[in-house]
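There are two complexes below, and they share chain A, which is joined by chain B in the first and by chain C in the second.
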Partner chain A sequence: MTQKTSCHKTTVKMLLTGWLAAMMLSAGNASAELLIRITEGANSAIPVSVVPFAESGAMPPGDKVSSIVQGDLTMSGEFRTLEPSKMLSLPSKGSDVYFRDWRMLGQRYVLVGELTRSGDRVQARYELFDVNQEKRILGETAAAGVGSVRTLAHHISDRIYEAITGEPGVFSTKLAYVTVSGEGDQMRYRLQVSDVDGKRAKIRLESREPILSPAWSPDGKKLAYVSFETGKPAIYVHELSSGQRDKVADFSGLNSAPAWSEDGKSLLMTLSRDGNAEIYQMDLASRKTTKLTNHWAIDTEPAWGYANKGIYFTSDRSGGPQIYFMERPGAEPRRITFGSRYNARPRPDNKGEYVYYVHQRDRAFHIARTNLKTGDESIITRTESDESPSVSPNGRLLIYATGQNGSSVLTVVSADGGAAYSLPAADGDVREPAWGPITR
Partner chain B sequence: MIGHERETISTDTPPWKSPVVLSVALHVLLLVIALAGWSWTNPVQEPEPRSISARLVSPEPKPSPVVDEQDQRDKEEERRLQEEKERQQAEAERKRQQEEARRKEAEEQARKREQERKQQEAKARELAEQQAREKEAARQKAVAEAKERARQKAEQEQRAREEAKRKAEEEQRRREEAERQRQEQQAREEAERKRKEAERRLKEQQLEALAEQARQEREAEARRQQEAAAARAREAQMLSDSEKYQALIRDRLSQAWYPPSSATENMVARLQITLLPTGELANVRLVSSSGNTAFDNSALGAARSLNRYPVPDDRDTFERYFRQFTIEFNPQRLR
Partner chain C sequence: MKLSFSTKVFAMVLSAGLVAGCSSTGENMEDEAYGSDVQAIGGDDGSTVYGGDDGDGVSSGVLSDEERQAAREQAEQQALRDITTFYFDFDTSEIKQEARDVLVAHARYLADNPRQQVRLEGHADDRGTKEYNLALGERRANAIQRFLIVNGASRGQMETVSYGEEKPAVRGTSDSARAQNRRVELIFQ
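Let's look at the complex of A and B:
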């Protein structure tokens, strides 16, 4: 089930119109040659055709590579793909691409390719064409084991995404989240890791007690999280490849909300070992903690800002939870959010442009973001019980958990709220999503 | 002026003093004198001696003039006259016999008287001849003197004539000169008049030309202003058309442009577009890169994606604004 969302654009549009009119007038007189300024793009996804790849040799069962690619591109919200049944031809190499046909179909890009089975590996040769420029903009080969065609497909999606948008794709990244299923004694909390499309989910930890706040290490090899498995919250660092777990914080009181530093050597966390919830930084090697805030109010949910410049956190020092920004440890925090009386769980993007957070308005909880340059706040989601935002490592997508028909599901939206899709429903509730980093 | 400085010679001589009249008069005079002189050169008629001339001549009856118209009446008269004649002839015979007697006597007497007379005549002749000689001498002297006088007079007259002629010629020359000068003067005056006329005409023409020029300039100015106004109107029309089609192109390109997600508001890509009058894209060139390949490609793709650019039908507007123009892609609102 898809929740369509949008953001407020009317004011911006009006401003733009005026500006355009002014530019038009000045352009008419300023120079001899006419200058037309285009300041707005199509407010829709880029039409891309992913032609089913030709195959030579036996392919493993399951989804086709081209279908996975098509799904990835669609999921990003930045592309709309053409159904293969509507294609006039199904070329698998550049010489068979008739641009006029694709142009007639309104397509901007065409991906053609061919898979070759050799032994236990599958090789893909693929080319991406710009239909209007009648130009090949990408031509590569990639290979993967027979059992990893999804990896191969996500890799191709990333390459295509980057070729078209100029930004790295996030289709090969991972998601971590917690599912809750069962009731009573059968209730199980499971920490899972999956592809961004929800496929290939693997349970990393199962517990009868709550698991909260998974956080990816910058290299994507570890997860830090809070587990109540001992009956009280403690912070663990879990190496995924080996399954090795370290309980790094098990102080009296609250141990919660771990967040990795950019270098992966320290964690921010909330501890209440001194009586009040404050933000600490723990050096993982020495396990030494440094108290970063000192306020009678609750300070929690810390996150490093872009390039480790400053720390965003939630504090109720103004009476209700609001987002604050502390430029460096010990500095006077600056309040970021003012739009409503509840703003919590800040998640800055990777560019220093926006900070995302849970925002309450009219008893509903949405995900909102504030432009750090202008201070403008916009609500991104239209669902009503939204929590736990997590931004994709390229800053283009946002995943969050939302209540749906009494249970909780994960939803991905483009960071401006333009498009959304829900991850395949799993058993029970799905909570606490965390978007993993791009790993190469 | 030179013409004015030259004094005109007056010719208001009375007619009788006119050289022509004078000349004519002189010629007449000379002719009279010549004729007189000539007569004087004839020998003087000597009076015939009375003896010779004393001859009795009976008077001849004059013949009656014959008059045609009086014929009838004259026959009567003729008869009567015939009778008279016969009577007269008888009378005459009688008289003649008487006369014969008397004549014979008279002849005798006459011979005697003749004798005497001849003697006297010889004497007289001698005297007359003497006198004639003297007279001739005197006459000849007088003639010589007259000749001399005439010669002198003729000379004088010749001189006078020559003088007159000279004077006349002089006068003629003078007159001719005067006439020439007058004509020259006249010619000069005419020339001057013509020059002035020409000047006046020229001036008039110049003035007319100036007036014409001014008129033409006014008209040209009016035309220019009219044309300028028309051009401005046309320009305004073209500009308004241009703006309309710019807006259309902008809309079409905005719809066709998919700014890549890596786009920032700082990115600007400029393309130079060349169109055919049909609105088809003839050429597109990236003239200024954004520095981001995906962004540049998105701009190029958008520019190339339009099958036909909306362009005005008006060829001038098309040529002015849409034959070649620049599109600048610069996102102001990002997703």
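Let's look at the complex of A and C:
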């Protein structure tokens, strides 16, 4: 836990919003936002009060910064926030915080602050107090353009999360996902990028043909994905700020399952140009490919392990799909999962502690994880047709797609399965979530 | 998919046989119409109605026996080739026994028509992961492709593509919907 007593200035960078999809786009409908629904909270959630911020000067319309912060903290599953109507006072400065009042309300932390409009910018000054210790543990300012108060709010949420837990927050990160709507000729696949709370969604690519497996570059500036827009699967790398796209893999057969290396210079991918699905590594500058597996079975869904140490992938070389680990490219793979007949699409966390994957139990498909030190496996989702796990960059949350009443929704759970919220699409299916990196 | 595949094939062969019988002779429809594994149905002499393969007891018509035989076979082959979708069990790419005659008919047709192109589209049901299903759909399409090649088609006539679970034939998660989605479709071009 860090303790800071001096105010230091932090600038919130504006996000680049310029984009240009290579395919036809309906710009008018560009912000099909997801609706957030918190389905359950963890029992161990820490009680935090986010006091509505004082305001001086005209604020832009829309959600208040403090209510966005409150939503973020609740969404993480690690905090329980107090409704402002239940607060005994609404201080905006540290000198007005009476710890006894907050202790009486059972609160562990209190956030107070104020917003000041100056020109086309909004500045926030905020302080976080530990109620038990009667101490200020964070005091900072941050500013953003009037059009970016959500960016400002998510930044504040990140700072609070880090001050309390010691881990970086992920509220400023992005999600990529694919929505599907319409039937027959009207069917549309849309690759979208939004905030982690589902807001500010933007369509990056729209197609009549399937789009799948979006994967973030480590710097958060590009997405690699599979698109069927030419009638067969090919891998594209798409720069988000410019909308420029490169078709990097279009060999005969499968071109699928792209996964970035930590340095952003190469992609792991599944190709079947030699007649069978194998894992390759492509150097993006030279487009040179190196074959990493060579087996008659299906080898696919590769992902680099923590710190680029080794590659996890799915193979059905033992009969059904199971997770394997290759210590270095080309080394003899070692089987990781044994608990059921179907385990696929491994996604290791950012610490080398766990690998998450799709796991069949009886007739249901859940997300499970295996502790890489002990080999112990646990099922962490209670939903039943779960796919596409993606771990948050701080390792604390997991997003996945699940079937619900005949359509697909995104669900976020804490990495141990304790708390959950869901992000159903306003219209149609939403699937293939990919949690973006922390980019500050 | 409880309406079994073999039942469907049989029904088609049956109706095709009927058409062939009519056009060739205009009589002996009963002989022509029933497959060999159909039992007699209350004939006045109680005799078994035989299958149409041997042409026994056929009165003379315009066509010779050989021509009739050829026409009938052609019609049968055509009827078999009306079937262009092949189904698979969960997480397998094994071609079902009852699909083999149909695939042989397609292979022969491709061998006889070397300019004919066909696209083999492999699919999976919604269970399991998308990328694994993409590979599984390809493996199914490849299995059909190999079978066609072994039976006379040439590789250059075929292209395969897998859509994995992305393009279900039937929406829904019932066993029946899933069985119809685990498939390879032959699309003649």
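In the analysis below, the second predicted complex is superposed on the first by the 395 of 440 C-alpha atoms of A that agree within 3 Å, B and C clash if a C-alpha of one lies under 4 Å from a C-alpha of the other, contacts with A are read in each partner's own complex, and residues count from 1 in each chain.
Please note the rule applied: a contact is a pair of C-beta atoms (placed from the backbone, for glycine too) under 8 Å apart; a residue touches a chain by one contact, two chains touch by 3 or more.
Computed from a predicted model, the values in this text were never measured in an experiment.
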> Touching A:I46, do we find chain B (first), chain C (second), both, or neither?
Replying inline: first
>> In the overlaid three-chain picture, which partner chain does A:R396 touch, first (chain B) or second (chain C), both, or neither?
In response: first
> Who does A:Q133 touch here: chain B (first), chain C (second), both, or neither?
Replying inline: first
> Given the touch rule stated above, what does A:L423 touch, chain B (first), chain C (second), both, or neither?
Replying inline: neither
>> Quick one: is A:T165 in contact with chain B, with chain C, with both, or with neither? Answer first, second, both or neither.
In response: first
> Just chain B (first), just chain C (second), both, or neither: which does A:E78 touch?
Replying inline: first
>> If we overlay the two complexes on their shared chain A, which of chain B and chain C does A:P233 touch? Say first, second, both or neither.
In response: second
> First (chain B), second (chain C), both or neither: which does A:S414 touch?
Replying inline: first
> Regarding the shared-chain residue A:S272, is it in contact with chain B (first), chain C (second), both, or neither?
Replying inline: second
>> Considering only the defined contacts, which chain A positions touch chain C in the complex?
In response: 210, 212-213, 228, 231-233, 253-254, 256-257, 270, 272, 275, 277, 298, 300-301, 314, 316, 320-321, 342, 344-345, 358, 360, 365, 385, 387-388, 403, 406, 432
> Tell me, which parts of chain A touch chain B in their complex?
Replying inline: 9, 12-13, 16, 19-20, 24, 27-28, 33-43, 45-46, 78, 103, 108, 130-133, 137, 162-167, 394, 396, 414-416, 418
> Contact residues on chain C for chain A in the complex?
Replying inline: 91, 126-132, 134-136, 138-139, 142, 160-164, 166-167, 171-173
>> For the complex, give me every residue of chain B touching chain A.
In response: 239, 242-243, 246-247, 249-250, 253-263, 292-295, 297-305, 307, 321-322, 324-335
